[in-house]
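Note that the chains take the letters A, B, C and D in the order they are written out, and that residue 1 is the start of every chain.
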Amino acid sequence: MTELLNVVLLTFMVIVALAAVWLRNLFASVMMMGIFSVLSACTFVVLDAVDVAFTEAAVGAGISTVLMIGTLALTTRDEKTPVRWSVLPLMVVLITGAVLVYGTKDMPRYGDPSAPVHEHVAPRYINDSPAEIGIPNMVTSVLASYRGYDTLGETTVIFTAGIGVLLLLGGYRNRKRQEDEF
Amino acid sequence: MRNQMIPRVIAKFFIPMILLFGLYVQFHGDFGPGGGFQAGVIFAAAFVLYALIYGLDEAKKVARPAVVEALVALGVLIYAGTGVVSLLKGGKYLDYNVLAHDPIHGQHLGILIVELGVGVTVAAVMITIFFAFAGRGQSE
Amino acid sequence: MTEHLPILQIIVPLISAPVCVLLRRKMLTWAFSLMVSLAVLCMAAMLLQQVLESGPISYALGNWSAPWGIEYRVDVVNAFVLLLVSIIGAVVLLYAPSSVAKEIPHDRHYLFYTAYLLCLTGLLGITITGDAFNVFVFLEISALSSYMLISLGEDRRALTAAYQYLVMGTIGATFILIGIGLMYMMTGTLNMADLSSRLPSMHGSRTILVAFAFLIVGMSLKLALFPLHMWLPNAYCYAPSVVTAFLASTATKVSIYVFLRFVFTIFGVDFAFENLSLSTFLLPLSLIGIFVASTVAIFQTDIKRLLAYSSIAQIGYIMLGVGLVSATSLTGSIVHLFNHAMMKGGLFLAVGCIMLRIGSVDLADWQGLGRRMPVTMAAFVLCGLSLIGVPMTVGFVSKWYLILAALEQGLWPVALLVLMSSLLAVIYIWRVVETAYFQAPADGAAKVKEAPFLMQVSMWILTGATLFFGVSTSLTVGVAQRAAEWLLGGSQ
Amino acid sequence: MNPGLYNYWIVIVLMMIGFYATIARGNLIKKIIGLNIFQTSVFYLYISMGKVSGGTAPIVGDGITSYSNPLPHVLILTAIVVGVATTALGLALVVRINEAYGTIEEDDIFSQDQAS
């Protein structure tokens, strides 16, 4: 049952993604992206990744949408360039897709409990983390302790983004006006 | 929206609840879904709502940009500092076992502090980014 | 404390970045970050010495042993790259204050130094780690900070260059993420050593093949291998001088290191070069890259852009050595990694000095500069000679090993092509020399002073290094030889 | 019913849509939207490999014997954060480009650069 649900959700995601790319009203496009994020959060719930779903909903449907609307308010709402079909990008994309499909042939089947990812490394997190860390949410155990250093890196990435936005948009008067004054 | 009664009243009612929910997510991450990152985003959302209803200038009085900027740095320092403490206590970097008298308590304490660091930085960065974008619009 | 050296190497600059935000005062943040970068340099030197004496060092973060936790693993190869990055990091910071004061608004100097330290942290973190996913995280720290450093350039085209780099860089990083994901899917592990022991059993797997392809393409984008170099010229051209000097000598080098690490240590020589014959596409691409980029460089009138195209050509030389897959050719590649960082760093620092005084990097404005700024131009010419590969400079050493490697394998056309390409370098360097020394300054050109003392010092440190290591090769070539043998010896 | 690889194929289609928008569209915001779609589909690739049929979310509960793999979840939490950081920085750059050029269309920017 969950598999069927998954396929339906994924198909919706493809439709919404196509709409987001196709629409030339950027505001509508951004709304589509919000829907896209909510849909992907739903698929993550179906796939048992509740923490990821929570984050995707907060980030994709929340932060990203707010930022994009903010950007639209500061720039423009309409895309000028008409949709054009350029050959080279299309070729690149088709080749990338074909290579990936070729790679799926030897992949473990979806949900297979004997796939390598479930046999190596992960069993320790599942079996021993309640004893070693003592908290029920394994994702938190792995995130903050076993791979806590990655999370320090992640915090640094967010810090970097904050510094970057301050550098680009914070405080001082922008260049355009300085030029206008001359 | 500054002069409309209904949004203002509703916001007054909602903002404390959002903040409370943020705190819940922050400290309940050990047991259910959630943690520092999600809590930080929710916390920031409360300030964004405040700024939308009462205006950016009012919001900047509540969350002073200089303070928020310091908090951006502080969160990373809390996280990285936890690791330094475990170094000083004779463990490897980010080894929480040495933080308390026994490993399990150490792990609990370590995860709690580290998640707090994540939460502080994420909330502060999100508020900073929102202020930067909104402030850009205001000056136009 | 020496036991914790590997983590301190990363954590010291990482913690200093937020501290810079709290300090806020511009000269204070500069002095602080300079001290930090010097400390980083000392630690890198100690690490290299430790590795040379007693073999690879492993450090388990959080005290979780290898495949479960994240591991730092230092061997000859990355200890050498760490040293390279921290030398450039310290020298460029020493150079920075006057140049930054001229090119970047004063109220954001502290943010500039924060971003600089973050970029340094990212590059060092990529280099030192023994965990495939951790590479991705630190890759993004360095990438995000370099986008914003580039966007600080004075010209508005700096913004579009940064945007273009952001899009290309993110595509590259996402490709790497796909590659890491597929490897994880087939092996269940993210630790590099563990991966290398589990991958050989599935060499026939099509998924692993695709993982390899995505990693190669993603890393080639990051290291600007021809024809995936489109983001590089604009990024180097419009970034502030200090940023150009720093990124040109470190960012692509670290990406090349990641390439070496994935191809040689994780997948292994057998898989990459015998099963898949990676060389058949690496050799032609790097040779074409050398010729096309050098030729384009000849026609540039903007000196920074000229040097950027020359960088693409030099990346071609390094990848050529990788494609030849022998102890000699890899020695050439690794030593050129170091040497190119020294000479390109020196060249861009000289350009920064000239930018500070005459405010232009247009070739036409450099007329008679040999007389107006003799000291700076002398450094430029010396580093330029090294770029050509004149004996007694570092450029000669690395090309010597490359040609030797080509001849060893009987590939004399490759050796010939390398020699011929040096002639192209002669032409583009000569155009600058001719303008600066044999043309009179334009009428009414104001008298200019040489650049401030600190800028001169750091410029001459790198210029001196190109000469010193061109004569005394025991340190660089010695380490590079051991690194090459280590890479070819595989994972054991 | 086991869809086997069907899941992955739809994800690849999603990736292609996002990737195409990123490299072919001329609008700078559209490119970032494309990047978002591209990255989200990679997240999905990771998460679906962690799923165990009949498993539950990796939070310890009474009477549960089979859990899905928590490691891909952790990796993707990090990747989502990296993604939003990139988006924020990219959009900030778009705002500045718009201030400097008065447009966010690649072609217009290119022609303005050629003219100057």
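For the reader, a short list of remarks on this structure follows.
What we mean here is this: a residue touches a chain if its C-beta (ideal position, glycine included) is under 8 Å from a C-beta of that chain, and two chains touch if they have at least 3 such contacts.
Note that the structure is a prediction, hence the values are computed from the model and not measured.
Top-ranked chain pair, ordered by C-beta pairs in contact, is A-D. Chain centres here are Cα averages; for subunit A and subunit B they lie 21 Å apart.
Chain geometry summary: the mean Cα position of subunit A and that of subunit D are 4 Å apart. Note on chain placement: the centre of subunit B and the centre of subunit D lie 24 Å apart, centres being C-alpha means. Separating the CA-averaged centres of subunit A and subunit C is a span of 30 Å. The set of subunit A residues touching two or more other chains comprises 50-51, 55, 59, 63, 67, 70-71, 74, 100, 104-105, 107-108, 115, 117-118, 121-122, 125, 136-137, 139, 141, 143, 145, 147-154, 156-161, 163-166, 168-170, 175. For subunit B, the set of residues that touch two or more other chains comprises 31-33, 37, 69, 72-73, 76, 80, 83, 93-94, 96, 129, 132-133, 136. Each of residues 14, 17-18, 21, 61-62, 133, 137, 140, 144, 147-148, 151, 156, 178, 184-185 in subunit C touches at least two other chains. Taken as a graph of touching chains, this assembly is fully connected, with contact between every pair of chains.
Touching subunit B in their complex are the following residues of subunit C: 4, 7, 11, 14-15, 17-19, 21-22, 59-63. Within the complex formed with subunit C, the subunit B residues making contact are 69-70, 72-74, 76-77, 80-81, 83-84, 87, 91-97. Of all residues in subunit D, those touching subunit B in their complex are 57, 59, 77, 81, 88, 91-92, 95.
Chain contact summary for the complex, subunit B toward subunit D: residues 31-33, 37, 129, 132-133, 136. The touching residues of subunit C, when paired with subunit A in their complex, are 14, 17-18, 21, 61-62, 64, 67-70, 105, 107-108, 111-112, 114-115, 118, 121, 125, 133-134, 137-138, 140-141, 144-145, 147-148, 151-152, 156, 178, 182, 184-190, 198, 205-211, 213-214.
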